[in-house]
Amino acid sequence: MSLSEIPALTEKLLAAKKAKSLSFADLETVVGRDEVWLAALFYRQASASEDEATKLLNALGLSTDLVPELTGYPLKGLGPIVPTDPLIYRFYEIIQVYGFPMKEIIHEKFGDGIMSAIDFTLDIEKVEDPKGDRVKVTLDGKFLSYKKW
Amino acid sequence: MSLSEIPALTEKLLAAKKAKSLSFADLETVVGRDEVWLAALFYRQASASEDEATKLLNALGLSTDLVPELTGYPLKGLGPIVPTDPLIYRFYEIIQVYGFPMKEIIHEKFGDGIMSAIDFTLDIEKVEDPKGDRVKVTLDGKFLSYKKW
Amino acid sequence: MSLSEIPALTEKLLAAKKAKSLSFADLETVVGRDEVWLAALFYRQASASEDEATKLLNALGLSTDLVPELTGYPLKGLGPIVPTDPLIYRFYEIIQVYGFPMKEIIHEKFGDGIMSAIDFTLDIEKVEDPKGDRVKVTLDGKFLSYKKW
Amino acid sequence: MSLSEIPALTEKLLAAKKAKSLSFADLETVVGRDEVWLAALFYRQASASEDEATKLLNALGLSTDLVPELTGYPLKGLGPIVPTDPLIYRFYEIIQVYGFPMKEIIHEKFGDGIMSAIDFTLDIEKVEDPKGDRVKVTLDGKFLSYKKW
Amino acid sequence: MSLSEIPALTEKLLAAKKAKSLSFADLETVVGRDEVWLAALFYRQASASEDEATKLLNALGLSTDLVPELTGYPLKGLGPIVPTDPLIYRFYEIIQVYGFPMKEIIHEKFGDGIMSAIDFTLDIEKVEDPKGDRVKVTLDGKFLSYKKW
Amino acid sequence: MSLSEIPALTEKLLAAKKAKSLSFADLETVVGRDEVWLAALFYRQASASEDEATKLLNALGLSTDLVPELTGYPLKGLGPIVPTDPLIYRFYEIIQVYGFPMKEIIHEKFGDGIMSAIDFTLDIEKVEDPKGDRVKVTLDGKFLSYKKW
Amino acid sequence: MSLSEIPALTEKLLAAKKAKSLSFADLETVVGRDEVWLAALFYRQASASEDEATKLLNALGLSTDLVPELTGYPLKGLGPIVPTDPLIYRFYEIIQVYGFPMKEIIHEKFGDGIMSAIDFTLDIEKVEDPKGDRVKVTLDGKFLSYKKW
Amino acid sequence: MSLSEIPALTEKLLAAKKAKSLSFADLETVVGRDEVWLAALFYRQASASEDEATKLLNALGLSTDLVPELTGYPLKGLGPIVPTDPLIYRFYEIIQVYGFPMKEIIHEKFGDGIMSAIDFTLDIEKVEDPKGDRVKVTLDGKFLSYKKW
Amino acid sequence: MSLSEIPALTEKLLAAKKAKSLSFADLETVVGRDEVWLAALFYRQASASEDEATKLLNALGLSTDLVPELTGYPLKGLGPIVPTDPLIYRFYEIIQVYGFPMKEIIHEKFGDGIMSAIDFTLDIEKVEDPKGDRVKVTLDGKFLSYKKW
Amino acid sequence: MSLSEIPALTEKLLAAKKAKSLSFADLETVVGRDEVWLAALFYRQASASEDEATKLLNALGLSTDLVPELTGYPLKGLGPIVPTDPLIYRFYEIIQVYGFPMKEIIHEKFGDGIMSAIDFTLDIEKVEDPKGDRVKVTLDGKFLSYKKW
């Protein structure tokens, strides 16, 4: 296995989802997990319980032989160092432009520490707007203070 | 000017803010702009109107001779290609882990396009929680469809 | 799928186009989209409607089973970080040499913002000239002002 | 001199231009060269004749002692390998997304060769539009065929 | 300030410590913090309380005017992407060689998650050994489970 | 063989271990080697004796034809230059943040030299804690003084 | 097709040439093109006319079905960013060492511009010398002046 | 001294040469060395004998106190990994495009070995041509066979 | 063929050598070439005469059909830019640490030039030592003076 | 202090050595350490005892105030990732070409482990030879076996 490839499993899951004309929002209802988390599971950036994997595979009409592939903990992190896809790049650009300012504000509000990317949720909402619909992305992570010792 | 340095102006502004014991939230009241946007202005990732620059410099007790330095449009984008600061890195990691899943969800909801990083706002909120306070970051950008021609 | 390869579909489309002796200009007439946009579709940097995909595949004598591959939204951005192909490199060089000057002029004319690469068209024209024909490339993108908040 | 810095001369020229409230379009009238070319000269990406340099310095109220600095041929190419400034990055993104398609179209129209970046002009126009003004960038370069030998 | 330099403050602190012939272990007694944490503070990778900063500066015979420089939250992360110093490189090599194995073991013991580098301590001990003294480094971080949502 | 891939053998060993529901701790009992070392052997970052390889393969129900693959000395070092997997990245971050401080402390205790990464052991322990279990990683390497000549 | 691989066609052509015991100089006679240009064609860095392709394939005893593969315009530029092969690296080193001096001399003789790499020929000659034979490489490119506008 | 800067001495020499209106060809007559070699000396990529240094400094009207700076052996190799200056880049492009073909031809003529970049001369000639003057660069290096042992 | 892979031939040769229980020292006797040179031939970093190739293949019990694969001149240079394998990395570290010092000493003894890596031999010896055996590597290359012209 | 610069101290030491017309071999006699080790000390890649530092500074006619600068343990590792200086590059090339073969031979002679770069000496000898003098570099490092645990 080369170290920076989209897993074959991902393509299988996406194809099945397309064939069944299911949206991630539909799968949210079936599996009981947020659509973003489910998309992360598709790309093997999250790991399912046996129950979640079974529900998902059933909904997609795929064999439950794939359960172990969904419950393991594969290598996380995908894509080039600087994203080339314009949609993904915009998020990278936000870090380049607003990274230092965010650090100032978070430190001012919380002290020395970080926002966890593990005890963390990410939601995406479509906000309709006559001047053009808007994408609203909410990152919500526990603040972790640097421990002193 | 070297191409990847924190501007000297930034250090001057931060020092004045510290000396005056002002928070970005205090400056928000004075200038009438969000604290994150103001922090971005400090790092010269945003540009002020003459009026905004004047209000800010007055609040910080700095000479309005600096107005032109705050109203120009300097090079944006700061820091190393992969951030080394742990607080900033977590945002980079979120893109590595959730970039492809976000692309799936945004495309499913909106079609082929991107979330603008220009017609865009970024808010940071402290959510108190007995199990540990949480950082809530809201990214809000206009959806832009790919034009066909 | 590795992350920086030319899709197999691209080679199939190019081969069919060659076998049919069709130019992109011919396809422009058939599909009703500009030749550059069509070439972008060949490389899966743009996505077609069902109707566009069908017309294109029919013109190329390919099965319409490929329609879904043309209507999806694959990862965009191709090729090495610094292009090695001399034709493509010249455009990269133009950014290295004229990037800062263009920034000056655009800011002077429009204020702080960017030219959109999404609400954007690109045309290529051959201008005959006795001293040597010229390539005329027109980039036309909506100006987007930085939002303040 | 470090190899990737904005020349000190550039900052001097820009400051003088600002102090005189001159636009590049104003300088175009004075020097008889296009505003983009003049901006390139400011960043030492183009070199002036003695006459052009003198006219420019006079217009900016700067000493003609600087003439030799404007007529020399310094190292060209500025900025990081992948631009971080959002305005400049968009042009880089256009190459990532449309580089291969442009290669297809140019080869189809002209054969094996390149668009010159030397026998080359670049114009920037503001096109007013009720739905949002547009930036129109025209690249015009001589086509050069690969010589066989 | 360039983005990857050892702070001038670090050199001042190290010089004072040398002049006073103090070890980090001596400072541990004075400040009430572990020697490694204190060394991290010297390099501005940790931030002190006012009290800790005062005690440290007094012990070093330096002016307490430096307190604010020790209580701020500067950019963390120092040094080249791949360390060149042999002592530091060995730790990098350990990640290259044992990174995947550590992932296997931690996942097996704890499930999907990470060892925190924030709620974290690091101790260094000298273990005398007739066959050659040994360096014992203990990393102790809270396990953080990936949150599902 | 490409130079940065996870060996096929690794996947075979991991699959067999999963099929047999064996933990690395179970294998530790069978082979008489620490679980971390065994995980390193799985990833071909360590090399077994014939006896160790035979015991391991028997325990996993795999053919001893694989013995030579486990006793050879393949290329060590896996994964991208900067790890993208969050679990592995945290160890990289520790070097970025604490690398210089560790150098200070080790030099103060031992003089000029390094901690060996060869005459070296690595242990991972789960420390239960009501406030959240902790990962304890112990690195233990021989100190090597720089030889003078 | 991955973006930095030697084309399969190249290996086929080289094998046929070896099997026929033909030198590039022999092929020069057959095709009527310089041996260096022919080697560039083998590596798909140049493109043949139908006639040239046919003559070459006949001489090599290969099917003329390969004609289209030799007349197309594939991506140019091969090999790693810094060459690792010692023979090729020496040419890279020459640029590192003599690049700036060459720029001085060319500018002094010609003014601001470049040597074309397109309207360009490259010859390699063996010069016998009792003190050791010498490689003589002649680069001959049209000078292109920067256009002003 | 930072590791990739143009030496201050270079700027002093170039300024003196400009002030004296001397060409490198003029200096060739004075020092008795080729103009390209002299330009390499200016950039400290070659080292002079005491006699050569003295003649050069006298011709430039500079103090012979600089002799030691011209006779030492400083670090060679200047400029970014991939040249950004268009004139220098063209030479890099020639390696990318013709590197493998040159390897084929040199190996065919000479066997396994390299062209020396040390026992090496480089000449630049202006060839007048009604269709546009040409730059002729001649690289002449001793062939070195790989020694077997 | 991808550009940075270990050749399939290498694996075939190593497997045959293992199957025959031959050491490189044994092959040295058979082929009449040093063991290091033979290992370089295995990795296709050196090229054999027909006679050497035949002797080697016979000794390994492999078909002489492989002779042409051993007598060609493939691309040299293997492995990542910074080696990850600890054994190979130590040699890289020696260059990082002792590269400049070696340059000083060689220049002092020989003047401006280099040690050839072509007219060059490399020997590896095991020196038994009660305090731990030692690896003795001898690099022996012809000194080449920079030619002046 | 920037992280990859030649220390100012190095330039001071080299200048004093030049002014005194001392060779490193002369200093070897004075200090009682090998010339290569002394050159490494000049570049602050080795650290002296107080006695060694004093002897060296006296020999160079420099103030013993510099003793602490020579006895500290600064960051080791100098120069770009891939050396650009031709003399230093040749050693890098040797690793690229002979790295894997050396690994084979060392493993065959010693088993799984490395040659230490710490318990290590490096000598450089000039071997006169009528066909051209030779540089003989001897690397001598303790073999370290991988510990199993």
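Letters are used for the chains, namely A, B, C, D, E, F, G, H, I and J, taken in the order the chains are written, and counting of residues starts over at 1 for each.
The definition used in the following text is that a contact is a pair of C-beta atoms (placed from the backbone, for glycine too) under 8 Å apart; a residue touches a chain by one contact, two chains touch by 3 or more.
The chain lineup, named per UniProt: A, B, C, D, E, F, G, H, I, J = Cyanate hydratase.
Remember, predicted model here, so these are calculated numbers, not experimental data.
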By that same contact rule, can you tell me which chains touch subunit C (Cyanate hydratase) and subunit J (Cyanate hydratase) alike? G, H
Kindly point out which of B-E, B-D or C-H repeats the G-J interface, defined as over half of the contact pairs being the same residue numbers. C-H
Geometric centre distance via CA averages, subunit F (Cyanate hydratase)-subunit E (Cyanate hydratase), whole Å: 23
Measuring from the mean C-alpha position of subunit B (Cyanate hydratase) to the mean C-alpha position of subunit F (Cyanate hydratase), what distance in angstrom results? 41
Distance from the CA centroid of subunit F (Cyanate hydratase) to that of subunit H (Cyanate hydratase), rounded to the nearest Å? 49
Which residues does subunit G (Cyanate hydratase) have that touch at least 2 chains other than itself? 2, 4, 6, 36, 75-79, 81-87, 89, 93, 96-97, 103, 107, 113-114, 116-120, 122, 144
What are all the touching pairs of chains? A-B, A-C, A-D, A-E, A-F, B-C, B-D, B-E, B-F, C-D, C-G, C-H, D-G, D-H, E-F, E-I, E-J, F-I, F-J, G-H, G-I, G-J, H-I, H-J, I-J
In their complex, what parts of subunit D (Cyanate hydratase) are in touch with subunit G (Cyanate hydratase)? 33-34, 36-37, 46-47, 73, 75, 103, 107, 111-114, 116, 118-121, 123, 144-149
Quick one: which bits of subunit F (Cyanate hydratase) touch subunit E (Cyanate hydratase) in the complex? Just the residue numbers, please. 6, 14, 23-25, 35-36, 39-40, 42-43, 45, 76-79, 81-83, 85-88, 90-110, 113-117, 119-120, 122, 124, 126-127, 129, 131-144
Contact residues on subunit G (Cyanate hydratase) for subunit I (Cyanate hydratase) in the complex? 2, 4-6, 11, 18, 78-80, 82-87, 89
Can you tell me which positions in subunit E (Cyanate hydratase) touch subunit I (Cyanate hydratase) when the two form their complex? 82, 84, 86, 89, 93, 96-97
Please output the residues of subunit I (Cyanate hydratase) touching subunit G (Cyanate hydratase) within their complex, sorted ascending. 1-4, 68, 75-78, 81, 117-118
